[in-house]
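Consider the two complexes below, in which chain A is the common component and chain B and chain C are the respective partners.
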Partner chain A sequence: MNFGSGTRTRVVKADMKWYELTKAGNIYEPGNANSYETGDWRSIRPVWIEDRCIHCLFCWRYCPDASVIAKDGKFEKFDYKHCKGCGICAKVCPRNAIDMISEDEIEKAKEANKDEN
Partner chain B sequence: MATLKELSKVEERFVGGHRLCAGCGHGITVRMILNAAEGYNVVVGCATGCLEVASTIYPYTAWKCSFIHNAFENAGATISGVEAAYKALKRRGKVNEEFKFIAFGGDGGTYDIGLQSLSGAMERGHNMVYVCLDNEAYMNTGIQRSSATPTGADTTTSPAGKVIPGKQQPRKDLTAIMAAHNIPYVAQTAIHNWQDVHKKARKALEVEGPAFINVLSPCPRGWRYNTPDIVEITKLAVETRFWPLFEVENGKWKLNYKPKKYVPIEEFLKPQGRFRHLFKPGNEHLIKALQEEVDNRWLALLERCGETPELPPR
Partner chain C sequence: MKTKVALTGNEAVAQAMKQINPDVVAAYPITPQTEIVQIFSSFVANGEVDTEFVAVESEHSAMSAAIGASAAGARAMTATSSQGLALMFEVVYIAASMRLPIVFPVVNRALSGPINIHCDHSDAMGLRDSGVIQLYSENAQEAYDNMIQAVRIAEHPDVQLPVMVNMDGFITSHAMDVLEVLDDETVRNFVGTRVPLDYLLDAQNPVSMGNFDMYEFYFEHKRQQTEAMKKAKEVIKEIGKEYAKISGREYGLFEAYKLDDADVAVVVLNSAAGTAKGVADELRARGIKAGVLKPRVFRPFPQDEIREALKGVKAVAVMDRAETFSTCGGPMFADVRNTLYDLKNDIKVVNYIYGLGGRDLRLEDVEKVFMDLENIRKTGRVDETVKYLGLRE
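What follows is the complex of A and B.
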């Protein structure tokens, strides 16, 4: 397929000149928003409690950011790079297997660990 | 009906990294609908709105499928044009794959600004699905009233104060307007019931000809409720009969859910900041009027669906 002529390339980078951009501003990498991290929006973080989880996957269904990763029909992990910390997963969980923990506390705990070491 | 275990194995086509607000109903709805489109190649078109500006900020796209955006008022016209071009190319043997066409519009781009292009697309009978993500105001530009905003809601262009108690006019019943186009499939659904959304999206995709789905997609910023409560709030909208679940297949109306108990509209209004002023002393008559409107619409809907027009037992 012809993606525009001459110097025009498929991947758009921040330091490109206008004439190097793709024709009509088209984007040729489907789902490249994945490389943009929205995880730093988060002030509370979902934490999975494995032994309470029944793998009903309600959290996966109701995550607006596709940040609950399921593998082979089971909960696998949270995608903390994109999770915005809305707390819907913890609310829809029928077994309270997701805790919402303040990022500040996690940060403080990390600091404390550092001092001890 | 597929289980969540099976559905979770389907490839994600609306990926993380989009800039919708935390807890936005649109992200959930779009993921559900693209998940239901399993096995189909899809082309998505968007009307201008929260979903479009948040999912396609140049040079990023959150869509793992073909995506087209044109303007605010013409999502219906754009996607119907893409569908017509696809048909022409297919006839000449230039495209061999099967495609499905989905347009997403907010309530502003569907109820108000995009209504004529949507109506035209439906009347011309293009093989497409139009999904309206109804969050009941123009949320993208800062919560202005739309014709989907319910009576009494506080928005920036219908501010509740000394002069007026929120929006003055009743909301438009768009799903009924679309049903009046006599298209093969029209449905109204809400995300608290994912099976319902999945089933209706599947039906709409499979049907030959135009289909329209109206989904209630709560907005935590505009409705001002506690963000994690999205499922409860949608459920209350259905239980209070504010947002009935029904479908119209080839002109035949069918009610999908009948609440067992009479739940007063207050239950739906109370958790939302945009209705807070209705609970001030002296405003009881506003809630009463809203309740009457909901009850009347419910009775009319039951009649259309061929059921006995009576309110649920208290």
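What follows is the complex of A and C.
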């Protein structure tokens, strides 16, 4: 049992028992927010419109959650596991290359497709 | 080396703080605690301690600064009373949940309103459920001794919790009392240097403290706090024994005064226990088997031990110097009655609210309580479970 002992457990998971977790929720590993998926908080989703994008990367710079993934100086994709759908990327985009789409609409469309199949 | 001195409770606590020589003290003055920090700040000004004294703008800031210092790795303290503790409320919970071993004397004073500066326990009882360890002191000697032990209790690896050391406002804090103090070196060796398990200034081992918890973790971290409280009971007893070796005074979870063969007993905190013990002595001379249980540790609550100590008693009166307004008695009454329920032996447990806002508790008052208990014992009947003592009615 490491509770209260200060043992520097590097892994903290939601299925760990109270006595397996670090004392007081202390965190010893930097960047562990990556393992906490916040994407299911989202009610609207940013969707990239490739032909409008000029790869200025304003979205990448303004994203408060590092959810815009760029590669070799170009927009690559959104990280939907972490994107909370704040819409800042769409707001700052000078080319309107990002649409914010309702997750409900996406769900409905998926359901409709299922019915057709 | 031990020296007999005459000091007020506040002076005794300031003396203990001087000998502990904490790294950081952040405090704001409030009656009746003011003297503690006033005297202590003169120790700082005169170079008698190495402490960084932070004169903050409020008690909320005092505890916040202590939290910052303690998280950074320092041995940190503050001190307060009444409204100051109320203003501190929010951050006391944070100190406890961050498991920071901050020691802070609280000179018990009634909470406003109506505004009042005198003793009762409504301030400390307000923080009853905050997760801090609460020690209570009958007199200046106990306040001094509790302060020194509190440091070791708080910092023990199994505990890691703040400790509040209570004493009665004016009655203990301002009255001159004879007590025995230890020499500086003995205290220094006893408290040692804080060895924090985690601290923010440890550059080799970076740590993030006071993090946000979602529903996946909060509950588990609260359970850890309860475990630390459970462990604290053993630690408090161990340190009490160790303290006996340097002082000749041993401390446990409570004092059982003439309880072994007692028929009737009073449970009471702080200075009123002295009054109750005096009355018990007088009544024993008249053939009434009276005893007193004085909890030293109220949080964690020593349930099993109190049940064991009171199991042979026929009638118990719990005296509360605080009102809960639940309309069914004071805070300690609820705990003691709950504790005795499991005995299933029909111990009668009644409650007396006394001394609110500094109302004196007289010998006759305590005698009346014992006589009521005698009557309950003889008749087996309780007319009124919760009564007021010394109230004009």
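Observations on the structure shown:
One rule holds in what follows: the second predicted complex is superposed on the first by the 91 of 117 C-alpha atoms of A that agree within 3 Å, B and C clash if a C-alpha of one lies under 4 Å from a C-alpha of the other, contacts with A are read in each partner's own complex, and residues count from 1 in each chain.
Following the convention adopted for this analysis, contacts are C-beta pairs under 8 Å (C-beta built on N, C-alpha and C of every residue); 3 or more make two chains touch, one makes a residue touch a chain.
Only a predicted model underlies this, so the values are computations on that prediction, with no experimental measurement involved.
Within the superposed three-chain model, A:25 lies in touch with chain B and with chain C [touch as defined at top]. By the touch criterion stated above, A:33 is placed in contact with chain B alone, chain C being left untouched. Of the two partner chains placed around the shared chain by superposition, chain C is the only one that A:17 touches, whereas chain B remains out of contact. In the superposed pair of complexes, A:67 makes contact with chain B only, with no contact to chain C. Once the two complexes are overlaid on the shared chain, A:92 sits against chain B while remaining clear of chain C. Taking chain B and chain C in turn and counting the residues of chain A each one touches, the greater count comes from B. Contacts of A:41 after superposition on the shared chain: chain B is touched, whereas chain C is not. Shared contact residues of chain A, touching chain B in one structure and chain C in the other: 12, 25, 27, 30. Only residues 12, 25, 27, 29-38, 41-42, 55-58, 60-67, 70, 72-74, 79, 81-88, 90-92 of chain A touch chain B when the two sit together in their complex. Put simply, chain B touches chain A in their complex at residues 4-9, 12-28, 31-32, 55-65, 191, 194, 220, 227-232.
Chain A contributes residues 3-6, 8, 12, 14, 16-19, 21, 23-28, 30 to its touches with chain C in the complex.
For chain C in complex with chain A, the touching residues are 97-99, 157-160, 197-198, 205-209, 211, 213, 216-217, 219-221, 223-224, 227-228, 231.
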